[in-house]
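Multiple structures are listed underneath, in structure tokens.
One chain, subunit A, appears in both complexes that follow, with subunit B as partner in the first and subunit C in the second.
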Partner chain A sequence: MKTENQRAWFFVLPVLLLVAFNALVPIMTVVNYSVQETFGNNVFFWQGLDWFEQILRSDRFQAALGRQFLFTFLILIIEIPLGIIIALSMPKKGMWVPVCLVLMALPMLIPWNVVGAMWNIFTLPKIGLLGYFMNDVLGISYDMTQNPFAAWVTIIVMDVWHWTSLVVLLSYAGLVSIPDAYYQAAKIDGASPWKVFRYIQLPKMKTVLTIAILLRFMDSFNIYTEPFVLTGGGPGNSTTLLSIDLVKIALGQFDLGPAAAMSLIYFAITLLVSWLFYTLMTKDDAK
Partner chain B sequence: MTIELKAAVKEIRGITHIKPTSLVLETGHFNVLLGQTGSGKTSLIKLMAGLDPLASGEVWMDGQNVSKLSTQKRNISLVHQFFVNYPQMTVFDNIASPLRVAGMAKSEIQGRVEEAADILQLRPMLNRRPQELSGGQQQRCALARAIAKESRAVFLDEPLANLDYKLREELREQLPELFAGRGAVVVYATSEPEEALLLGGKTALMDDGVVTQFGRTAEIYRRPDNLTAARVFSDPPINAARMSKAGTTATLDTGASWTVSGSAADLPDGSYTLAIRPHHVTPVPAGTDYVKLSGKVLVTELSGSESSAHFELGRDGWVSLAHGVHPYEVGEAHDFYMDASQAFYFSEDGRLVA
Partner chain C sequence: MAKITLSNLRHSYLPNPSGPADYALKEIDLDWQDGGAYALLGPSGCGKSTLLNIISGLLVPSEGRILFDDRDVTDLPPDQRNIAQVFQFPVIYDTMTVRENLAFPLRNRGVDEARIAARVSEIAAMLEVEEMLDTRASHLSPDNKQKISMGRGLVRDDVNVVMFDEPLTVIDPHLKWKLRSKLKELHQRVKATMIYVTHDQTEALTFADQVVVMQEGEVVQIGTPVELFERPQHTFVGHFIGSPGMNVLPAEEHGGGARFEGRHVALEGAVVGQGGTTQIGVRPEFVSLADAGLPARVRKVSDVGRHAVVEAMVGDTPVKAIVEGELPEQGAEVHLAFRPSHTRLYRDGWLSTEKEGSAAQ
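And now, the complex of A and B:
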């Protein structure tokens, strides 16, 4: 006879508690704020979905969202191909492998705010090496504190410098796991280097590339520290990405309700786009 | 068609993988490279295929020196132990890929692919991707590519090693007829003596980067001309023991002795190595001239209709392989009987003398 009891719950309980405290409870707090208005002293007024509507309709949010998508799009379109190219040109064996790997891992080991500060000093006109070189040696006007275009170029280049290594390392892991037999088969067929890439290397890297794209999307879409330290969202609002704007609303203006609503919208967009990426990229395997 | 190796040597970073090897492989039968893992079978194939450079020596195909020719220009096919197919392409495209690279007309490609697919029963799977196929079908796809290409030489590098038992037997039976009458030189590498015997043709025994013996498979099996060859071409491993001969009496170190007959009787007195295949050592004597041996049973195995027993004979480990089920007690001494007329006698330096 089959024994039935409720013992299984005891095994699930620890996980349930952990998830509750690190995800559900914080999120519910945010949900709680997002539908109410407060003037301090723990006095709350029911607000319904007003904040959501207000945020979604506001020009300020739409502009920040636009900048956010542009930023993420640009860094993905640069970092993914660049990462693959670097991984392809790295040695597969020999004494240079560890050297390359360490060099690649180095930028990722630097704390985010240090990266921001480094690039800030590096690019300042007169003081910074790059700033001085551009303005006074090459004679190209370059000042990311004044010129929005220069500010954008700087945050993009900074992110590419900081995170392309992740794509490189993941792609490299995918590449070295391809057995020699595949390359031999291609050699016997007389396949061109492009065909080797298209039909052997790319398919074999697909899984790690999916992970790389997802990670880079999520990280870049939620980026805060580096551009905040580098440009503070300026000049003007030109590099105010979603997270920077969110912090301005929540901590600068202390509008907890709108900030909470914005957080949830932000979260939903990240989730939705990640899901879209994942579904599209793994579509073939599910067949 | 022929492939000829002339004192071919392969070295990688100062380490010799293939010592000077000369060999003539012909079409019309399977050329089996038999040797244990690491004996140089794959290295030799890569040399012939042009995947690795020669350190010295030459490779000839059909009377043409191809030593400097690239792999692609040698017009060969290679089927690996792993199922190597292009993952993104359909089975059809996989089989057609070398033909497309060669710039063949579409209609001809269609015909060749369909013919190869029919031979290997892949017709219903032509539009599927390799990962949707079973292991056996994936390997058949790789074989179909080799057949459709109609290359001068086909190298099969342990193609059945990763298949399960049933599929392996099935495909092994089909292999000789697949390549019969196609004119290509077929080279088949394996570590299993049984496969060499089943596929027939000629066999090259390999050990430590050297071909130790080459000739008709059955002849090599009957007369391995050195102890290493005998060891390679026996599964379970051949039994060997030191033996001394005085007059017509042969004596093992353990004391067992018998009267030698036949060609062995003409050997000068002295010490030799006796080697005998496991199925000539049985727990029940089948004749009066069988030599009785006694040893402690270490391990016993029962495989279908045969049972094997590993036992200690002096300092050597011996194996007996016999039909039927026998009541061995592990750890206990047991009597075995050797058919001395089937034994090989090797001189001290390992050459077959009788």
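And now, the complex of A and C:
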């Protein structure tokens, strides 16, 4: 016998309220702002999709979006292979395992604004160790406060320094879960080291790598604190990534409508690209 | 195909072994004949996997040599020994199709494509996996995966020996039997030397022509399944093989026979050697309920289907008997008779009676 009643709703209700309070209501507020114009005094005018159109057509947004994609692309293409290589060269057993793991975890434990500040001081010409070494010892002109290229190199190296460990730790977890029999079978089958990587290690790391790529994509696409502390988006606008630009519009210029529209577009892009990544990377598993 | 000789093999996992206890393998001298079907049988931790890995080259022994047809291969890596090994858990290359999996060992050795195609279809036919050749190997069931790992071993026609390391562990019971007979059939077709490692006596006895029984890093007996059952050389073999295993009972020598719980017991033949701890060994199959003999009290009767196992106490010693037909009640007073031709004396664990006449066996 199955009793049917509506009691189940009482179990779901608290969660529903909590999610509404911390997610649905704030998002709807943003949606609300994105279709209106205000001049203060709590007076709002209906604006329709104008803000969205204006943002999407603006050179400023397109430039920031371009920079954002370039940044994310560069750090992914460096961090993922580098992380795999480091994970492959880490010891699988013995006393050095915990040492390596702790060393790897250290950069991730440092608060993001501290990372920005560290790298700022480290790279400043004259007073920073790296800045001094590059300019005065090697004689290479390096000033991330003046030169956009130097600024880009610095934010990318900083992100690689901060986050490659995540890829390493995830890949390493995938690697150590491979039973010895696989390596032994490959040895007997006469497989070269490259084939061992291609047909055993890489497929076994696939799940964790998917997670690593997704996490690194989302985090780097939404990055704010570190480049803000390091370069503040400069020199000029050269390192103004999407989130830095968004904060400038929302809090600097207090253009709530365009800022709201921009955050929704931003959110949609992150969601869409993550979905694309995930679908492409897991499509083989279905069949 | 080759004859494999293991000579004075010892192995320790410790860098500086001091006593015999430090050795996972103690003094192994063995010849595996070309084309034979062997089983390596023993409880977990007896060193059988160590021995297997030494033959395959995954481990280098601390001492001793391994010869394939009189060629010393002790220091050769696995891929140069032309061996194949099937592991406990199926090892397949997930991203490849079944066909690519089977072709993999050949491709790595640069065999030409026409030859590869011919070998793969031949092996697939033998294993009856033709209809799945183009499926991704990761979608197969465990027993088919295990078939593919076997196939990767058999696909090379230059293999010296195919080794199986408890290959049926993860297979469902009803498929175990099928795979086992498949293996036996394969052995008859490809005529390769096969070594099958297991702790399951049924698997060992059904697969092998010769069974090597190991205990604590030593070979205790090598023989046909019948020999192991009929005349165990060591109480361990008697106890380990059989269901239930041989009764091993404390006894003293007594005028050409033995004395057990104060009664004389006749043995198969003359006693050899002297001293040491003596025991008699008799399989439950050769213990019967009789009108006269050793008085005993029935402690437990377990009906296992075809027959029943009766456990009776002779004095303070339990003795098991396999009984067909009418069963005694628990607590009943009975008499046990040991068939003399299958009652033997063991001295310090080792057989120490002579075979009964020439008519026996």
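We take it that the second predicted complex is superposed on the first by the 285 of 287 C-alpha atoms of A that agree within 3 Å, B and C clash if a C-alpha of one lies under 4 Å from a C-alpha of the other, contacts with A are read in each partner's own complex, and residues count from 1 in each chain.
To be clear about the criterion, contacts are C-beta pairs under 8 Å (C-beta built on N, C-alpha and C of every residue); 3 or more make two chains touch, one makes a residue touch a chain.
Worth saying up front: this structure is predicted, and the values here are computed from it rather than measured.
**Student:** Would subunit B and subunit C fit next to each other on subunit A once aligned, or clash?
**Tutor:** clash
**Student:** Using the superposition on chain A described above, determine whether A:199 touches subunit B (first), subunit C (second), both, or neither.
**Tutor:** After superposing on A, A:199 lies in contact with both subunit B and subunit C.
**Student:** Counting only touches as set out at the top, which of subunit B and subunit C does A:62 meet: first, second, both, neither?
**Tutor:** A:62 sits against neither subunit B nor subunit C.
**Student:** For A:253, is the partner it touches subunit B (first), subunit C (second), both, or none of the two (neither)?
**Tutor:** neither
**Student:** Give one of first, second, both or neither to describe whether A:191 is in contact with subunit B, with subunit C, with both, or with none.
**Tutor:** So A:191 meets both subunit B and subunit C here.
**Student:** Looking at subunit A, which of its residues have contacts with both subunit B and subunit C?
**Tutor:** Common interface on subunit A, subunit B vs subunit C: 179, 181-182, 184-185, 187-191, 195, 199-200, 203-204.
**Student:** Per the contact definition, I'd like the list of subunit A residues that touch subunit C in the complex.
**Tutor:** Residues 179, 181-182, 184-185, 187-192, 195, 199-200, 203-204, 284, 287 of subunit A touch subunit C in their complex.
**Student:** Any idea which subunit C residues touch subunit A in the complex?
**Tutor:** Answer in residue numbers: 53, 56, 58, 77-79, 83-85, 87-89, 91, 93-96, 104-105, 108-109, 136, 149, 152-153.
**Student:** Which of the residues in subunit A end up touching subunit B in this complex?
**Tutor:** Checking each residue of subunit A against subunit B gives 179, 181-182, 184-185, 187-191, 195, 198-200, 202-204.
**Student:** Taking the complex as given, what residues does subunit B use to touch subunit A?
**Tutor:** Residue list for subunit B touching subunit A: 46, 49, 51, 71-72, 76-78, 80, 82, 84, 86-89, 97-98, 101-102.
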